[in-house]
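Here chain A shows up in two complexes: once beside chain B, once beside chain C.
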Partner chain A sequence: MSYVTDLRCRECGQIYPIEPLHVCETCFGPLEVSYDYGRIRGALSRSTIESRPRNLWRYRELLPVAQEVEMGPFSGFTPLLEAKRLGAEIGLKHLFLKDDTVNHPTLSYKDRVVSVAIAKALEFGFDTVSCASTGNLATAVAAHAARAGLRCFIFMPDGVEQGKVVGSTIYGAQVISIRGNYDDVNRLCSEIADKYGWAFVNINLRPYYTEGAKTFGFEVAEQLGWRLPDHIVLPTAGGTILPKVAKAFRELREVGLVEDGAARIYCAQAAGSAPVIRALHKGSDLIEPVKPDTIAKSIAIGNPADGFYVLRAVRESGGWGEAVSDDEIVAAIRLLARTEGVFAEPAGGTTLGVAIKLVEQGRIARDETVVVSITGNGYKTIEAVAGSIEQPFLIEARLKDFDALFERLLNGKRRRARG
Partner chain B sequence: MPVRVRVPTPLRRFTAGSGEVSAVGDSIRDVIEDLEHRHPGLRERLLDESGELRRFVNIYLNGDDIRFLDRLSSRVKDGDDVSIVPAIAGGK
Partner chain C sequence: MERVFERYYLSYPRSLIREPLLYRLVKTFDLAFNIRGASVSEDMGLVAIEFEGTSAQIERALQWLREIGVTVEPIEKNVIE
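Coming up: the complex of A and B.
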């Protein structure tokens, strides 16, 4: 049993059955899952959800999956951390971090979307899952496919770092390097999806895959005691998570799980890949593609297909957006680690950097509730910050050498404090 | 000038199932007009009411997104490869 009604084109409204389809045949617009909210309202309560295991299937009525779904690595329900020390540094009294650096099993928000895609691949009877990716998505698909017993092919542009190949191959996935760039790989994958009939999580399973991103928003609301934050800052790459968190908040009100309140939603991009922010600041609906140049590789998409929906969700919520430089991203990663013990990948440095900017601009008031989204783990992207980190001191294994060094360090601190 | 045009699955019902067709023209806009002539119905799938490229359609000329070139006015020459690809939002 499921509460899903059909797939609908977000552009022209055309209706399609629940099948592995992702673009409207009439206008190429993206397809979106629709639900019978009236029935969900009758079936789902706060206490029902709270009684379930702490993973993303606790929201299964609002996901496009068979309701008996009890499979997979049980991703989601990551911590919502109150960040008092960081808040004090940046001037916020009620700052929270939604911490997907510890999402299970591959340490990024992608475990959410891939959970739903794999459940759907099994329902549709696929035996092979695949994706084009060089990073978080690849590792998530490979790990979830291993546990589901599905064959897995991962396509990457050639020349990516060894670590990324290892991060997928270790799970038994077949990694194929393609001569060309990310766009070339994506184009090839849509042709392979057609010809081989495989489940590509972000192509022919895209309408289902993207629904998994809503669980990020459901959890934020539940963890705040079934209310929405005043503000939430989300990163934008292809444009999946931000509109889906907006949809999650809308659905929670629609089915009566959250009574009132409205969150302002803010888009964060790296300055070296900020096509959505440019359009937002220009007041335009047209997103001009860019060639990305930033250390924030996981969000470096220059031609975001769902960028338009990001703009719309941000504007409808009364939010805003900003871009931050690579230096600001690194500074924010370090600040977050130093104050809260959370090591984020550059996408998390981007959302925090943007939050800092929004506070400085006066768009976020000091005593309002703010959630900063941390969508991936810094241990996967050590190279992004390694160059800016102090090298360790090297001394002999003698106490007097350490005494001398410690004295020097103390003096250095005093000098800095005076200066 | 004949060019090769790769046609994605959702549009193949206009090309009798063919994934690759040829067309002529000096610019992408000309090529689309010629495609419409040979395969009626294709143009309105690619262009909106104001004659601009639809938001969810990408066209690549020899592998380059025409939004980085001269958009619909991008010049094409004999033997060029044109690909029509529905926009795919990645997630990397």
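Coming up: the complex of A and C.
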């Protein structure tokens, strides 16, 4: 059973049926899924949710999928780790990491949005799914399409690293490299989506796809014992996850799953691709497109589709946003790995780097509950940190050689401690 | 030639906000257009627009807009994620 009522334009409020539509024909505003919260309130309780399997479909009443879901059964419900050692280093008493580095099956937050998009594609009767991507999205779409038995086309700008291509072709997807810059690829994909009638997960299925991001917020609240954190730091690329976590928190209050309460929401971007942060700091509603230049490739989007809604959600929550340099991102990745045993891709270094900045600025109080979002796995982006990692020591296979090295290491440690 | 409708977001940098670009575009390329949404600040302008013309006309017009410094994108903006 579905509790969805219709699609609505976020700008002018015009109502559309539940179809593969994504923009308002009148004002070109994005369409958003609406629900009958009154009925959901009567049908859904904490105990119902807690009795279900530990995946994102445990919140199915608040997702836009009507039929019994077969897709992505293990996506979602990733750990919320209490980060005591990291918290002690950066001066926070109640720090948590929402750890999507272990999301199933492709180790990033994209498994959430793609799970919902592919389930919806099956429901609409599509036989082909597609996306334009340089990384995490491509991998997630390819893997989920394989499991669903759907044909899959992935479009990539020419010159994307071999590893990224392998990450999709291994699942049987047809990968197409396109000559030209990112703008050309964008335009072509919009045209293909229009002409071929495929399910482009983040174009014509975008209203459904983005709803999957709410599960990140639902889980945070449930894992905190059905309450909202005081602060949550989220990355911004295309602008999907942050406004949807805000929507998730609003919905949890609306249907009575959490008491009234509010989380301040913070936007994190890499300094080399920070159009939303620039607009936020200027106090503007208009986002000036930029040409990204950062190691944080998975969040390097120069003109975010939903950037305006990120600004709105941040401001309404009383939050803020910051950008961090590539050096700060690498330092944060290393700090996270060293203190908590979590290896994040640069998007995770960005959120942690920004959290550190916000604590230093006094925007986040040290004794409040803080969630830092880690949305992708560092094993996919080894190249981002490889240059900053110390080389291993090389010794002969003799105990005395190791004894000598160990002594040297101990002395070095003592010298550092004295210094 | 078949006439088509194409939808775009145009972002104007600060230096072009006071220029009557759409007037010049219509005079030069003989296109019809329909503005569906617009927002202008002192730093930039953003216009959601639908063009009507032949594909070749629209392509030439977009090329001209890009050359003078306007960012032209599909209404989905960046879809590469």
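Definition applied: the second predicted complex is superposed on the first by the 416 of 419 C-alpha atoms of A that agree within 3 Å, B and C clash if a C-alpha of one lies under 4 Å from a C-alpha of the other, contacts with A are read in each partner's own complex, and residues count from 1 in each chain.
Just so we're on the same page, a residue touches a chain if its C-beta (ideal position, glycine included) is under 8 Å from a C-beta of that chain, and two chains touch if they have at least 3 such contacts.
Please read these numbers as outputs of a predicted model, since none were measured by experiment.
Is A:A145 in contact with chain B, with chain C, with both, or with neither (first, second, both, neither)?
A:A145: touches no partner chain.
Just chain B (first), just chain C (second), both, or neither: which does A:G238 touch?
both
Look at A:I301 in the shared chain and tell me whether it touches chain B only, chain C only, both, or neither; answer first, second, both or neither.
A:I301: touches chain B and chain C.
Tell me which partner A:D184 touches in the superposition: chain B (first), chain C (second), both or neither.
It touches chain B, and chain C stays clear.
Once chain A of both complexes is superposed, is A:I118 in touch with chain B (first), chain C (second), both, or neither?
neither
Return first, second, both or neither, reflecting whether A:K282 touches chain B, chain C, both chains, or no partner chain.
A:K282 sits against chain C, while chain B stays out of touch.
After lining up the shared chain so the two structures overlap, which partner does A:L81 touch, if you call chain B first and chain C second: first, second, both or neither?
A:L81 sits against neither chain B nor chain C.
I'd like to know which partner A:A331 touches here: chain B for first, chain C for second, both or neither.
So A:A331 meets neither chain B nor chain C here.
Check the residue A:A132 against both partner chains and state whether it touches chain B (first), chain C (second), both, or neither.
Touch partners of A:A132: chain B and chain C.
Do chain B and chain C touch any of the same residues on chain A, and if so, which?
11, 22-23, 26-29, 110, 132-134, 136-137, 182-183, 186-187, 189-190, 202-203, 206, 237-238, 288-289, 301, 303-305
Spell out the part of chain A that touches chain C in their complex, as residue ranges.
11, 22-23, 26-29, 110, 131-134, 136-137, 157, 182-183, 185-187, 189-191, 200, 202-203, 206, 237-238, 282, 284-286, 288-289, 301-305
Can you list the chain A residues touching chain B in their complex?
Against chain B, chain A makes touches at 11, 22-23, 25-30, 110, 113, 132-137, 180, 182-184, 186-187, 189-190, 194, 202-203, 206, 237-240, 288-289, 291, 297-301, 303-306, 308.
For a test of understanding, state which residues of chain C touch chain A in their complex under the given definition.
Contacts found on chain C: 7, 9, 11, 13, 36-37, 39, 41, 43-46, 48, 71-81.
Touching chain A in the complex: which residues of chain B?
On the chain B side, the touching residues are 8-10, 45, 54-58, 60, 63, 65, 67-68, 83, 85-92.
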